[in-house]
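For reference, the structures are reproduced in the following blocks.
Okay, so chain A shows up in both of these, paired with chain B first and chain C after.
Up next is the complex of A and B:
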């Protein structure tokens, strides 16, 4: 009585890889480019997200425009019809942690977001 | 760094530390009037989002892989090849759906195994009754003979 969609990831990613199989499937061109200042939105994170809560509201700089893929919040429940752009964003550690020592003011942290979590800063 | 959102986020991280298992300090099934927006957010967060939560330093040790762990991993990969789930659905089930106590309290590959069993029941590959019976059968196999 199984009703899996066997045309899903297993089929589309064979020989290409994931997320390579989603190349060209975003709804438009990337909204941000390398060097852009972005703020992480503080959206509700009920049920599933991969947007770390400690980054919410913080401002960083786009380090890499990486790939296209369904967003984790959608893909985690099997919704793969819409893809969006992903970005690696670089933060100053001191912008994330109030008590971060001033002696290490140059320290940075990079992590990845789908476009829905970013707004221009 | 002084934005309201940042203050909210840092307060959230401190509050989450108070909810750590096994003992929750806030009691069970509170009245709605006792539930604040901050508490709701802390309770409904994704348990795998541990970055920034208060904790003690963890000593890093290299563990040798165990056969059952490798088998658990291969099982979940086979399920993906058959189109039963994709990696993100698996991560949701093994890292988030099971809640904070199980996320922090079970062995790493124990969570992979639980998720594999769960997806098969949810997708109808076996019924929960069948799984429970199999579980019981295997368990008895390992019990000393009476």
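Up next is the complex of A and C:
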């Protein structure tokens, strides 16, 4: 990466914004749709990730298919050639935290994942 | 020489500068030397960025309360809807203002569901429309506790919600940014957009408070007389 162009992001994002500048760059259509049940995979994250440990292994429901973008695990090292679909996933709090009180069983939490972290549940 | 410093020495009369601040200054000075921008450009942009406040987002909510069509626009394309309240996410940088991602989502509360926003990873926040984060939003305490004990943390902010109201925490961990659109409170019937804007404070837009008639960010605070005043 010694020849990395440090103005690359400005060149592609100016006038469009980010993540809009990555529209149409994923390999295909989104693999999951709103309402799909998904499990968060437990992948290695030795260098960088934005996938929180508290969600690993949990099952939730796709709430929004948000946009296409390189995954942070790649983008943080300047690899922006490959994009993925992103999803906001909704979890029941009781499925994330075993001690979450039953009195508040309706409470939920949403957070976002790139497609590599999700598998059908 | 760490081993022989005086443990009773007074605190140094200098500001502490973190590694990240030193790094920012170094990168900034190199960019200025290289001619990417001038010191004055940097000052102007800093002044611009630090002047952004939550008022445009408050107005967005007030407008949406009054106009169902605009509300629909906010919920489907909040970046475009921001223009109606004077915020163009692509200006002046061309790709996010200030250097933020440009995918805003509006989380609509209902009488039986309340949203609250956190970024557990750092402090992601819709700065172009809310300004800089409050200090507490960046603290590990808020970030790690809100996702797990949202009701307790909200209670510390003075917001206790009944069990029938679902609390939905939004952990803003990628490129989407979020603001909360609270339910329009009772007692605001017939209010103008300006009046409604005033009660949608920053904390209501993060979700740690609910708007109330008469409670605004610029309300005069009560002054309590000291119990034992000092006489000079």
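The working rule: the second predicted complex is superposed on the first by the 115 of 121 C-alpha atoms of A that agree within 3 Å, B and C clash if a C-alpha of one lies under 4 Å from a C-alpha of the other, contacts with A are read in each partner's own complex, and residues count from 1 in each chain.
The definition used in the following text is that a residue touches a chain if its C-beta (ideal position, glycine included) is under 8 Å from a C-beta of that chain, and two chains touch if they have at least 3 such contacts.
Just so we're clear, the structure is a prediction, and the values are computed from it rather than from any experiment.
Asks: With the two complexes superposed on chain A, say which partner A:54 touches: chain B (first), chain C (second), both, or neither.
Replies: both
Asks: Considering only the touch criterion stated at the top, classify A:67 as touching first (chain B), second (chain C), both, or neither.
Replies: So A:67 only meets chain C here.
Asks: What is the contact status of A:16 with respect to chain B (first) and chain C (second): first, second, both, or neither?
Replies: second
Asks: Classify the contacts of A:95 with the two partner chains as first (chain B alone), second (chain C alone), both, or neither.
Replies: first
Asks: Which chain A residues are contacted by chain C in one complex and by chain B in the other?
Replies: In chain A, positions 9-10, 18, 52, 54, 72, 96-97 sit in both the chain B and chain C interfaces.
Asks: Along chain B, where are the residues that touch chain A in the complex?
Replies: Listed in rising order, the residues of chain B that touch chain A are 1, 3-6, 8-10, 12-13, 44-46, 49, 51-52, 80-84, 86-89, 91-92, 96, 123-125.
Asks: Would you pull the chain A residues touching chain B in the complex into a rising list?
Replies: Residues 1-11, 18, 42, 45-49, 52-54, 56-58, 70, 72, 75-78, 80, 94-98 of chain A touch chain B in their complex.
Asks: Within their complex, state which residues of chain C touch chain A.
Replies: These residues of chain C touch chain A: 79, 89-90, 94-96, 101-103, 105, 120-121, 147-148, 150-151, 163-164, 166-176.
Asks: Write out the stretch or stretches of chain A touching chain C in their complex.
Replies: 9-10, 13-21, 50-52, 54, 64, 66-67, 69, 72, 86, 88, 90, 93, 96-97, 100, 103-104, 106-114
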